[in-house]
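Consider the two complexes below, in which chain A is the common component and chain B and chain C are the respective partners.
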Partner chain A sequence: MSALAARAKLPRSTMLRSLALVVLVGVVLLIVSYQLGPFDDLQLANGAFYFAVLAGLTMLAGLSGQISLGHGALMAVGAYTVALLIGNEGWAVVPALAAATLVTAIVGVPVGVAASRLRGPYLAGATLAFAVGLPAVADKFSGTFGGENGLSINPPTPPSFLGASFSIEQWEAWIACAGALVVLFVLWNLTQSGLGRSMRAVRDEEIAAALCGLRVGRTQAFAFTVSAACAGLGGGLLALVLQLAQPGAFPLQLSLSLLTGIVVGGLGSLAGAAWGAAVLVLLPRWTNDLAHSFSLSNNVSSNLPLAIYGVVLIGAMLVWPSGIQGGVRALVGWALRARSSREKD
Partner chain B sequence: MASPRIRSIGVLTAAALAAAALAACGSSSSSGSSAPGVTKTSITFGTHQPLTGPAAPGYSEIAPGSQAFFDYVNAHGGVFGRKIHLTIKDDGYNPTNTVNVVHQLVLQSNVFGIFEGLGTPTHTKVVGFLNASKVPDMFVASGCPCWDKGTTQPYTFGWQPNYTIEGKILGQYIKQHFAGKKVAVLYQDDDFGQGGLAGIQDEVPASQIVAKQAYQSGVTTLAPQITAIKASKADVLVDFTVPIYTAIGQLTSFTLGYKPQLVVSNVGIDPTTVGGLLKTISKGKASGTGLIEGAITDGYLPSPTDTSNPWIQLFMKIHAQYDAKAPFDGNVEYGMANAYTLVQALQAAGKNLTRQALINAVNTHGASWTGPGLVKYRYSSSDHGGFDGAEMGQLRNGKIVLFGGAKSTDPSTSGAITPVTLSPAVPPANGVPSGQ
Partner chain C sequence: MTKFIDLTLNGISTGAIYAAVALSLVLIWRATRIVNFAQGAMLMFTTFIASAVINSTGSYVLGLLVALASGLVLGAVVERVVMRPVESAPPLNAVIVALGVYTLLVAVAGMIWGNTPRSFPAAFSLRGYEVGGTRLLFSPNDSFIVLVVIAAALGLALLFQRTSLGLRMRAAAFQPEVARMLGVRVGQMFTVGWALAAVAGSLAGVLVAPSVFLGPNDFDPILIIGFVAAVLGGLDSPPGAVVGGLLAGLALSYVSGYEGSSLVPLAALVLLVAVLMVRPGGLFSASKERRV
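Now for the complex of A and B:
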């Protein structure tokens, strides 16, 4: 049976189709979370909150054509919102996460409006300033935000019906994966909607899009706001999974590694964001293990992971210029072509 | 143009997420002995250290120093026949990494406990997890008063004098020797700096303190802070800074032509580290320790350059044998002295090692242990603070010289500062502590 025939059996409505996908991925993740030990569940949760951020960022960069170096700071907004609401106000998890998404979206509006007037390096510079400047706010109001020390919260407790042996880490993985699935569902539908088409039109040719009656600035500001909301949710999930919000957790390197994630994963595709999340979580761990498997002096072996990380990224971009997802797509395409040509023979 | 691509996303997203999750799959098996991380022949501890990042200069030598001491103990038969292993993980001083590596150590590597986890902003984010999991959290490498709460955090122990104690002792000296002079404080804006500032304010009259300037770890300049301090015309500058910011602060003061009497917390003055940083940051223009010469500080261990001290002789011998690649300085000494305390605790915990036995051993016997320290430990079941004081010191000819005798106090505002009458302990013949 060919892939096309299988695809034809899927429901025609985008909404239903994406819902089916989300349920399918959810079931897979549910099963996987039971197979993993507590630490790997925590890694899964890490991957899930990175996916939420990367999905929003890849939509912004790949569909709307805007670059942002400020998403680490937007994550901080979400993380601090969750830490303050859960730690000080005693909110439940879901409303706190919803509030983090909303607050970050509101912060994203003025940044997005400003960003819609800037292009290329100027846009990168403006968002970069945002990433550098925002953590200082935590220092300025150290009474509320805990200064350099940041905030800590208690871990979420799993409901008792899951049993006493159900680990906190698995519960965290469930929450983070649920958040990631919400992002997947919303962004999938958004990219397929009229708005998604408007974004692509704006990305490809702003003047032509404007001539067609699209409001270029408004479309870009909207894309930035949605992307900020995703980063806020991701940051909120980070706070929940790691139980912290601290300036040192959101350095400039975080914003840069998020950008690395979407480029290496495959720009503009949600699957690429998933690959990117996997790279961000697993690559540092592998490079660390690799670096310490050689017996080198401490100075060398502690800096080697960074060097290996860089080499792997350069290598990946040389082999797959369109990211891992591009590479996978090329492989699948090649395999399908090879099979169909064999069937013809 | 994107439609076939987007349709294929579904399957691939599922595949990607599943692959990511499966790739993360590692095996974790618990050993069959009395406690995780303990076998008949070994004990495994884990630690998180800033091997890279802003706190790495100097501090990255601490854990290798501890490891060298364990190697030495292992070569002498270990503790009850068990060899001590230390798994060092880099967290880059970023708490996101700290949380992940500590979970990895506890949940996947099944370590017996965490030892010497470094940093206030980092370690505060794992104390809750370690105590909830009942994992010994031994001798945190930070002087935050937040490790001292034995009743609410029974598994966490501090080690070095907490920053408030240190601030009080430095403050008393300033009050006595710089009476009426203007004092400025430069501090890191976390529990380290704030604790130290609190100690200074306990002792030095408020009218004398003319400037208080905070900085965030990770910033690349202290020009605004030093300019403000210079404008306050302070005669004495107190630094609660990690080594790199001591160096940046002094270079900035030098550039501005501002020369106050410098007073630096013990954690920020190691001459080898700060001297090296001064040279690197100034691109070779400032070599040696000229810019910090004469600085007043405090110490709770013998000065690493005091080669007539038997403890320094022991540590230098171990250093030459197991850790010769790093320079022997205050950081290496710190790592070894802290490791010495852990071996004392393991000896006192007895042959049937469990996590609770180790905690009980420190609670019951810790206050009576002697070692390289110049002052006593505060350990009890309700107070998990480490050393209870320090001795004043000064940087003379690039070396820290301690003077005036050790003093002890407690972190409370009313706690008096009293001279210590402890006679210096002598290391055991083979260098391995015997417990009790």
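Now for the complex of A and C:
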């Protein structure tokens, strides 16, 4: 059966199709989480909250054409909201995460409106200053935000019907994966909708889009707000998984590695965001293992993971300019062409 | 009043260093439309080389010259080897490659010189001048910094406006196709632009090193404020970089003097947003037509 015929059997409606995929991925993740040990479950949870942030960021950069170096700070907003609501107010996990998403979206509105006036490196500079400047707020109001030490929260307890041997790590992985799946569902439907089309039009030809009656600034501000909401949810999940929200967890390097994730994964596609999340979680682990498999002097072995990371970034961009997803797409296209030419013979 | 004068003088000398960093970013942006996030690591690396030379020979001047020369080579090599392939790729790819270069240089510096920060000698005395019995927060070394940066900025302005190399570089940056037809070797001009920018950066590194400690990550804040300064002035304008650098230096000096240094990053954000909301292309931006 050819790929086209298989595609025709799928449901027509985008919403049903994405729902089917979300359920499928959810079931796979559920099974996988039972196979993993506590440490790997935690890594899965890390990958899931990275995915939530990267998906929003890749939609912003790939679809709306805006670059943001400030998403680490937006994650901090979500994380602190969750820590304050759960730690001080005793909220349940789901409403706290919903509130984190909402609060970060509200913070994202003025940032997005300001960002819609800026282009390219000027936008990069402003969002960079945002990423560096916002953690200073936590320092200034240390009474509320706990200063350098931040706020710690108790880990979420798994419900009793899952059995006594059900680990906290696995429960955290479930929560984080559920959050990531919500982001996947919402963003998939959004990008296929009229709003997604408006964003692409604004990205490709700003003035032509304006002439067609699209409000360029408003569309860009909307895209920024949605991606801020995703970052808020991701940050809230991070606070749950790390059981902590502190300024040191959101350095500028976090924002830069988010950017690295979406570009190395493949800009503009949700699959690319998934690749990027995998890279962000697995690459540091692999470089660490690799570096410690040699016996080297302390200075060298403690810096080797960083060096490998740098070489991989440079190499990946030179070999796959359109990211891992672009490389996969090219490979699949090549395989399909090879097969169809064989069938003709 | 003395405090205000002190903060102003301090702002001018730190502003001069931000201006040098901003200049190095502007030069690369003009030549290749890339924001060089690796600049902070590049100037860290050349400053480490200077430190090694000064420690073994005892000569500050020799160390400074070696730093500038190694900056020249490093800039040219980075452009030619890793940046050239991504110059025609989507803009974010160049950003990621620059981050890769940054990470690699920080790691290599850590491997060679270790991660413990060390001190770096100043060219002149760090004791402030004495005027009418009060000691100012401005030392002979600060005058050296300001003068060297002014000289570097003037030298670059002369190079771009008065020499044939400068004309070719400007042509390659603004009209690569036409310049190529007229016989300018555009790729070579890009390499020269990166090399010059790295020299400006390594100058900033040696100048700032005495007041911060020298370690693999200790120059990151300088690069961040330098980038803010470049954006303030407008990335296409070298005079804008100098003005942006001084503006950032003064503003941040007042904030840290009167309100405490923890507010400096927030103040940089407020300053940048305030300027960009009025002039989205920086202070010295030329009004540009947009085409469909």
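To be clear about the criterion, the second predicted complex is superposed on the first by the 345 of 345 C-alpha atoms of A that agree within 3 Å, B and C clash if a C-alpha of one lies under 4 Å from a C-alpha of the other, contacts with A are read in each partner's own complex, and residues count from 1 in each chain.
Please note the rule applied: a contact is a pair of C-beta atoms (placed from the backbone, for glycine too) under 8 Å apart; a residue touches a chain by one contact, two chains touch by 3 or more.
In this text the structure is predicted, and so the values were computed from the model without any measurement.
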{"item": "Chain A as common anchor, with chain B and chain C clashing or fitting", "value": "clash"}
{"item": "Partner chain in contact with A:A277 - chain B first, chain C second, else both or neither", "value": "first"}
{"item": "Contacts of A:L184 with chain B and chain C, given as first, second, both or neither", "value": "first"}
{"item": "Contacts of A:A136 with chain B and chain C, given as first, second, both or neither", "value": "both"}
{"item": "Touched partner set for A:L128, first chain B, second chain C, both or neither", "value": "second"}
{"item": "Partner chain(s) touched by A:A114 [first = chain B, second = chain C, both, neither]", "value": "second"}
{"item": "Which superposed partner A:L313 touches (first chain B, second chain C, both, neither)", "value": "second"}
{"item": "Touching partner for A:W174 - first (chain B), second (chain C), both, neither", "value": "neither"}
{"item": "Superposition-derived comparison: chain B or chain C, residues of chain A touched", "value": "B"}
{"item": "Chain B versus chain C as contact partner of A:L244, first or second or both or neither", "value": "first"}
{"item": "Touched partner set for A:S269, first chain B, second chain C, both or neither", "value": "first"}
{"item": "Contact residues common to both interfaces of chain A (with chain B and with chain C)", "value": "135-136, 139, 299, 302-303, 305-306"}
{"item": "Partner chain A, residues of chain B touching it in the complex", "value": "2, 5-10, 12-14, 16-28, 51-52, 56, 60-61, 64, 89-90, 93-96, 99-100, 103-104, 107-108, 120-122, 124-125, 128-129, 132, 188-191, 193-194, 214, 216-218, 325-326"}
{"item": "Of all residues in chain A, those that touch chain B in their complex", "value": "7, 17-18, 21, 24-25, 28-29, 32-33, 35-40, 42-44, 46-47, 51, 135-136, 139, 142, 147-150, 152, 154-155, 169, 184, 188, 191-192, 200, 238, 242-244, 246-249, 251, 268-271, 274-275, 277-278, 281-282, 285, 288, 297-299, 302-303, 305-306, 325, 328-329, 332"}
{"item": "Residue ranges of chain C touching chain A (in the complex, touch as defined)", "value": "29, 35, 37, 82, 85-86, 89-93, 95-97, 99-108, 110-112, 114-115, 220, 224, 227-228, 230-231, 235, 262-270, 272-273, 276-277, 280-282, 290-292"}
{"item": "In the complex with chain C, residue positions of chain A that touch it", "value": "61, 67, 114, 117-122, 124-126, 128-130, 132-137, 139-140, 205-208, 211, 252, 256, 259-260, 263-264, 267, 299-300, 302-307, 309-314, 316-318, 321"}
